[in-house]
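Below is the structure I would like to discuss, written out as structure tokens.
A, B and C are the chain letters, set down in written order, and residue numbers restart from 1 in every chain.
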Amino acid sequence: MSTESALLPALDLTGTFAFGLNGALTAVRAARLDVVGVLALGMITALGGGVIRDVLIGAIPPATFQDWRYFVLAAGGALIAFALSRRLDRLGMPITVLDAVGLSVFSVIGASKALSFGLQIGPALALGVITGVGGGTIRDTLVRQLPSVLVSDLYAIPALVAAAITVGTVETGVYGLPAALGAAAVCFVIRMLGVYFGLQAPRPPRTGNDHDSPDS
Amino acid sequence: MSTESALLPALDLTGTFAFGLNGALTAVRAARLDVVGVLALGMITALGGGVIRDVLIGAIPPATFQDWRYFVLAAGGALIAFALSRRLDRLGMPITVLDAVGLSVFSVIGASKALSFGLQIGPALALGVITGVGGGTIRDTLVRQLPSVLVSDLYAIPALVAAAITVGTVETGVYGLPAALGAAAVCFVIRMLGVYFGLQAPRPPRTGNDHDSPDS
Amino acid sequence: MSTESALLPALDLTGTFAFGLNGALTAVRAARLDVVGVLALGMITALGGGVIRDVLIGAIPPATFQDWRYFVLAAGGALIAFALSRRLDRLGMPITVLDAVGLSVFSVIGASKALSFGLQIGPALALGVITGVGGGTIRDTLVRQLPSVLVSDLYAIPALVAAAITVGTVETGVYGLPAALGAAAVCFVIRMLGVYFGLQAPRPPRTGNDHDSPDS
């Protein structure tokens, strides 16, 4: 358990840093925000998923507000990304890779933290996915993009796989650094394969609905 | 009280199923999402209002995370809607009717649960409305529509009426299955009459402001 | 301390009223909503920041749901703004000024309330900013504008300054009505100077990224 105790924050901080970089690059690309806007979007992306998780499991105040390292890594990642963005010809690939890192790590941490707060297996899976996709969903909503969780090739599914591996290894008593890294790696690989090959889940057919006009 | 105890989850689950169907059909129509996106939007719509309610009244973890039936009905509704969507020529009317069902039921449940957690009458009314409109507001925001609560004919008002009937019957000791169903039915009828007749609350006049350009 | 105890609600209610007016005027201008939509957006803007703050510090149910004056001032402000909007040739300046008032007051209250709930200095600063910008961010998201906190000249920075003055005066034992009003005034002045002179934080250069196309 002591290994797990030390592991949780380290992985969590890694995901925080990745999402800080990611959110900031998104801010540069999607909306050409100034440095304060870049910092704000980076921090919201990095800290949003964990805050939602902690509110839902009753870990109040959220870990983010009790450990200054979260703020430093989120803000530091955002500022580094802001500085680097002028050197990058293309922001798309770094944004995608960093998002996949945050998604993978946060799904593992979210599921294991939910279990450690006494939630059952099903809710822990849900909390893993919510933690993984939460920050990015807020990020996309704020810059007025359709959220990745709704539209991206294999986004929620790898998060669910990572959460399932985490729950499985915790329940069988083999959870630890290797298991957590393995679960995150599986999520990362599935996500990146989905991006690379443009894999999509089935879509509804176009017939029939095309006559339908929005009534809102 | 034992009747009420059994009633609350049953009505809550009915609203969850209706909103799961609704959110999924919205996903098909508004954004042509794949099956994972449809499932995600259905579940967010179905579970969002109740989660917000439970966070605000301190019912942590939310009921959604303690009772697997919420997840099953939300996900099942979303998948059924995905499968059925190819058979529907028009999605507008099912979306509107299902949304009205969820709105009605959740407004009643939200108000009564708030009272059972010790909130006063005013806050219980507010919680009823928030529970009723919460999931749909998140749904609309994620697919970048103006939320129904802001723009639709008679949307928040029937929710408030249902919450008021609920609070009134709880306070006078006659709350139970008939009262809850009656309150929900009144909300549903007002909402559907509003849709059918295109009823609108007063709007601001157009004079004067047309010279005004956004400054943000 | 008794002064502070009486002061907190009074300032909080002032900010609530200002944001109620602001949100309602935004609803009139941005989306020509009907009176219910105007009321809803006014109340969400006025009450959103405080509700987020209270959820994050564990003050459940939020103060908003325990003190009817918040609802009355938020709703009253929204209705007054709706009535006045037909008399205003231009809504931009009142919207900006009222938003600055709410931002200033809520940043001070958020920081001091966080400290009174036992949070450390860093988290209290964050909570101040979150309380100040929270309602407006929800407001902008719902009417599909880029949030002020991401795009506006000097928005998060004055909020942070107000929170810092608040934390500094609380920690040195000189917090009270004059300190709170002073902190809010400094925030208000910085914000309005930023608007007046169009001050901007540094933006990323345009070179390099222009070749980049969104991949989402």
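What we mean here is this: a residue touches a chain if its C-beta (ideal position, glycine included) is under 8 Å from a C-beta of that chain, and two chains touch if they have at least 3 such contacts.
Just so you know, these numbers come straight off a predicted model, no measurement behind them.
Student: Any chance you could name the chains that touch subunit B and subunit C both?
Tutor: A chain counts here if it touches both subunit B and subunit C, which gives A.
Student: Subunit A-subunit B contact: same residues or different, taking over half shared as same?
Tutor: different
Student: Taking each chain's centre as the mean of its CA atoms, how far is subunit A from subunit B in angstrom?
Tutor: Computed value for the inter-centroid distance: 27 Å.
Student: Multi-chain contacts only, two chains or more: what residues does subunit C have there?
Tutor: Residues 55, 141, 144, 146, 151.
Student: Considering the complex alone, what residue numbers of subunit A touch subunit C?
Tutor: 27-41, 51, 55, 60-62, 64-66, 68, 71, 82, 85-92, 95-96, 140-146, 148, 151-152
Student: Which stretch or stretches of subunit C touch subunit A in the complex?
Tutor: Touch residues, subunit C against subunit A: 55-58, 117, 119-120, 122-123, 126-127, 137, 141, 144, 146-147, 149-151, 154-157, 200-205, 207-209, 211-216.
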